[in-house]
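We just call them A, B, C and D in the order they show up, numbering each chain from 1.
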Amino acid sequence: MKTNKLSVGIWTYGKCSDRYVSDGYKPFLDFDQRIEKIKSLKENCGIELNYPNDLNEENYKERMCKLSEAGLKVSVINVELVCETQWKHGSFSSFDSSMRELAILRTKKAMDIAEVCNCNTLNLWLGLDGFDYVFEADYRKGWNYLVEGIRECAKYRPNIRLALEYKINEPNMKCYINSAGKALALCLLTGCSNVGVTLDFGHSLNANENPAESAALLMGEKRLFHVHINDNYGICDDDMPAGTVHWPQFIEFIYWLDKLGYSEWISVDIYPYRDEAQQANQATIDFVRFVEKVAANLKVDFFDGTFPKGMSITRLIEAFKHLE
Amino acid sequence: MKTNKLSVGIWTYGKCSDRYVSDGYKPFLDFDQRIEKIKSLKENCGIELNYPNDLNEENYKERMCKLSEAGLKVSVINVELVCETQWKHGSFSSFDSSMRELAILRTKKAMDIAEVCNCNTLNLWLGLDGFDYVFEADYRKGWNYLVEGIRECAKYRPNIRLALEYKINEPNMKCYINSAGKALALCLLTGCSNVGVTLDFGHSLNANENPAESAALLMGEKRLFHVHINDNYGICDDDMPAGTVHWPQFIEFIYWLDKLGYSEWISVDIYPYRDEAQQANQATIDFVRFVEKVAANLKVDFFDGTFPKGMSITRLIEAFKHLE
Amino acid sequence: MKTNKLSVGIWTYGKCSDRYVSDGYKPFLDFDQRIEKIKSLKENCGIELNYPNDLNEENYKERMCKLSEAGLKVSVINVELVCETQWKHGSFSSFDSSMRELAILRTKKAMDIAEVCNCNTLNLWLGLDGFDYVFEADYRKGWNYLVEGIRECAKYRPNIRLALEYKINEPNMKCYINSAGKALALCLLTGCSNVGVTLDFGHSLNANENPAESAALLMGEKRLFHVHINDNYGICDDDMPAGTVHWPQFIEFIYWLDKLGYSEWISVDIYPYRDEAQQANQATIDFVRFVEKVAANLKVDFFDGTFPKGMSITRLIEAFKHLE
Amino acid sequence: MKTNKLSVGIWTYGKCSDRYVSDGYKPFLDFDQRIEKIKSLKENCGIELNYPNDLNEENYKERMCKLSEAGLKVSVINVELVCETQWKHGSFSSFDSSMRELAILRTKKAMDIAEVCNCNTLNLWLGLDGFDYVFEADYRKGWNYLVEGIRECAKYRPNIRLALEYKINEPNMKCYINSAGKALALCLLTGCSNVGVTLDFGHSLNANENPAESAALLMGEKRLFHVHINDNYGICDDDMPAGTVHWPQFIEFIYWLDKLGYSEWISVDIYPYRDEAQQANQATIDFVRFVEKVAANLKVDFFDGTFPKGMSITRLIEAFKHLE
């Protein structure tokens, strides 16, 4: 079992607003304060940022210097296509051609920045490319715009990878890219090998998937570009620290990433509304390291018709013993 | 079928923030602008407000005058116990005695205001009386604080009714008052007849209940004090206009409220993030009026062992015909 | 709005066992009795059967005669790959090569029968191609076996279409082909144009999809081969008559099938455990005819940035008026 | 941390039918064969049986001898009110007075048998006291029949406890006793202290509860009479071995049972469709013993406003180390 390359999303140090407490549960921290925090996390060496909020044409030189001094690498850059009011009716799939163009333009610019920042992967989370009501959206047009827009960006810089972060809903009540399967279908339909998927552990649970299975599917098709970790109760995207709810599935997930030779980043993507961000991030990192040890201790034989299947629990228990 | 007494929540005209777009999807409207909107809705005569944000000791006289001029009655007053950062670790059930006292004090003050405003019902939605993580909360203490605090308030003014609005989660990942059954149990445990329940149609769906059944349960025990209407896809509390998703269940709900003699307010409680609030409220009101006609047209015989059960669909279809 | 071509699954007249009442809620009816029932349904002209239980090499001539006399066309033939104990560890994806071969062989034989019965579509529901526990299945192998096996069958008779019926779970706790997106990805990976999808309305809801959107996706890629209709409460595959729960989504689904030029069969796939099958099937058929009228009455304009979105409910209400 | 008193449901050795494979995935075992199996489980001393299938007026003497020889105590007796076709329209809440009377009579007889078998608790799982369709059931009548019937039985033998096993659905699409809260409300409404609740770990998850919280609620009101353990993916009642999915919640559950002084039985209630029953039961028992050790190792401080909450994960990890 190799030691995974970990990274932390800068947004985990946000005010953590929700729809009730729009001013957030915690004070605002600026970029430098956040870097200071992330720098002091143990066993982490990466940071995931947003374009253009965290990193852009104006500030990238200065900020890359700071990150370098802090010993942090940019794992992945997110293109902001949700968290501004202007995207309220979508980005790549919007009925409004000017918004589609803006989404494509912004993505290309983010690719340029990624290039100069030595980051080869953009994360595209398209939470407002979907719909709320029945009879609201022209699904064919929306989907085709999505495929075409992403293809256009992918062709713009074939050496930069676009990772689609699927999620079943939120902010839209229904999102187009809602499962590992649909994200994979979209990749295949673009015909571009630099279009892949970000598997967010919690989003996969919300889609009623088993995350390890989705990882295996995507790795097999060479489309697993990035991973987000967190946890939830299976209904909403609670974005809690990894380890708060799902243990066997998380262990299996880490096991399969290793088995399949995943060597990309794993980013902590939590949203610790009423918790202290630094400790919540460290707890997530520590949980990964703990799980790596457990997984290394684990004897796995896939079911071959020889009973019992339930042996897996027995073996999991065994794997937890004799950990130093 | 009687014509139901409808009311609209003033918050439906808010900016509609969410955790991504904390500044909201829409411009801010002040109290007067909102009254102007609600006043012009057809077939509505009530307004649901918050204490102390909308109505308080300082402004109630002036605002009650305005409402009276606008022809609007105060249906129910909500006590604000969630949407301020101070409640982040709970109100009635907080581990912190000063916060519990503040929650009780605020509720009593809201009861005073309700009294002078000729409103006999307070809505208590306790969305932060719960927990996020396992091993976080001392459940026994939390629950006992809840029962005792609500009992104390109930005894303060027995002529003012406290309606507990249950919801399975949000903002807390798990809320104590999470179902019609648990809300009813809490009412019974207080021993006070002026503690009852607000049935929010969408919350009932999120709890995998059938809203009409929950209404019947609560009415039978004389604990259904208030109703909120909206709709959702069954997973999250989407707070969409009534009629966007569930028709047979909504028709059955209105049918049962009538059958059981419910004569209290029904309030529109939607949160039209990316939709126009005025039309979304009017659509909800119109849907209720439409459903009242359908329900009046409907022949209902409960299943008595005579097949077929599926007849209910046939009769629903019939009820939709010959509507003018 | 065209009149859809309807068909009924012969299994809807079964004993309706479940895991508690394994002997079923109703008496057994044989093939002839079932045909007699289906024949007398109004506005239906098709029947969906299973290979080899209902139709096989031995009986197809005689049974096709009977069906012809009854005025029934074979819409689609299901290949039985779940409901026999032998499939308990899977069919196309089994770790056991002899079971995989058996699945392929049976599917090819079913294709032969389809050919001679003038039926161009097989339904493949692979409910035991999945897993129950974590660490049970070798996901890569399973998925590859699935893709290869289906490809082999597809190439065997390119004029017979294979329609994959996706479902999130059951009988396996997790099934491989679990969403419209994953089914589409599988189709694309086979490289065969005669591999497509069966969209089961209830399965689509269970996957938290919006059925009309999934239909649009699949039609756009020329992969929507078959449709099953029923309804459920959104959690389990209740297989109740269409119209029992979801109206706007069902209307939108029928609207989009028409808009996209779907001209294939729509089969009633219900499982009326404690209800009378004949009336439950007729109610479903009647609901479709009713919805066709409503949809024809409906004015649809997709959202173009002009508020309000909620207009769709208003228009739905309008569409229900003046129905004769 | 005390060592819990464990018991195994005799039905775990059944054929494990489901609605697809009605003949089951495994061969039939008779009573003696099942006793032989349960007897050889390690760290188990109880058995949970059904009245009248496993234990009745005719056979109880002989069977109690056998159980005694096998060293097994009868933990709890289940009253069969679901798994026979006759209950298809309900038992205690049926519209049919003769069925209601039969349910009451059978329950009283089961109480008589419990008395002579030195078992003080009956389990009542009323999976067909509910409804499938809207407009099917007269909810008020149904609920009142339920309360009255259970009260009548409770008064018949006040020394025998009736434990209501709540479950959100199945076989009925919606069941009346669907949550811990509603079960508690029903207990309170009967006014009988010998009416309590069976908390089934998986049913609690299906109701989106946190099982430890529900246990604390019920223990506090002296209504937690019995516990069933198993696990599932949070959607359906998969009845998999404990430990297959949820670890932190299970650990917390065992921790709270101990903290609250629960000294009743904990029964293994799994349904290992495609797994070997003996090993699946043993794995569940072993998991409990493992968790007891972990819980004993665990330092718990409830959140008191001092950050961080996420500390609970760190402490869980610590608790897993140094286990022998």
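Here is the rule we use: contacts are C-beta pairs under 8 Å (C-beta built on N, C-alpha and C of every residue); 3 or more make two chains touch, one makes a residue touch a chain.
The UniProt protein names, listed by chain, are A, B, C, D = Xylose isomerase.
Not measured: the values here are computed from a predicted model.
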item	value
Centroid comparison with chain A (Xylose isomerase) (C-alpha atoms), farthest chain	D
Between B-C and A-C, the pair joined by more C-beta contacts	A-C
CA centroid of chain A (Xylose isomerase) to CA centroid of chain B (Xylose isomerase), Å	36
Gap in Å, rounded to a whole number, between the CA centres of chain C (Xylose isomerase) and chain B (Xylose isomerase)	39
Chain A (Xylose isomerase)-chain C (Xylose isomerase) separation of Cα centroids, rounded to whole Å	34
Interface hub residues of chain A (Xylose isomerase), defined as touching at least two other chains	89, 132-134, 169, 174, 208, 233, 235, 244-245, 248-249, 274-275, 309-310, 312-313, 316
Chain A (Xylose isomerase) to chain D (Xylose isomerase) touching residues, read off their complex	208, 233-235, 241, 243-249, 272, 274-276, 278-280, 283-284, 286-287, 290, 307-314, 316-317, 320-321, 323-324
Chain D (Xylose isomerase) contact footprint on chain B (Xylose isomerase) (complex, rising order)	89, 95-96, 131-141, 143-144, 168-169, 174, 176, 178-185, 188-189, 207-210, 212-213, 216-217, 219-221, 248-249, 251-252, 255-256, 260, 298, 300, 302-305, 309-310, 312-313, 315-316
Of chain C (Xylose isomerase), residues touching chain D (Xylose isomerase) in the complex	15-25, 82-85, 88-89, 127, 132-134, 169-171, 173-174, 232-233, 235-236, 238, 240, 244-245, 271, 273-275
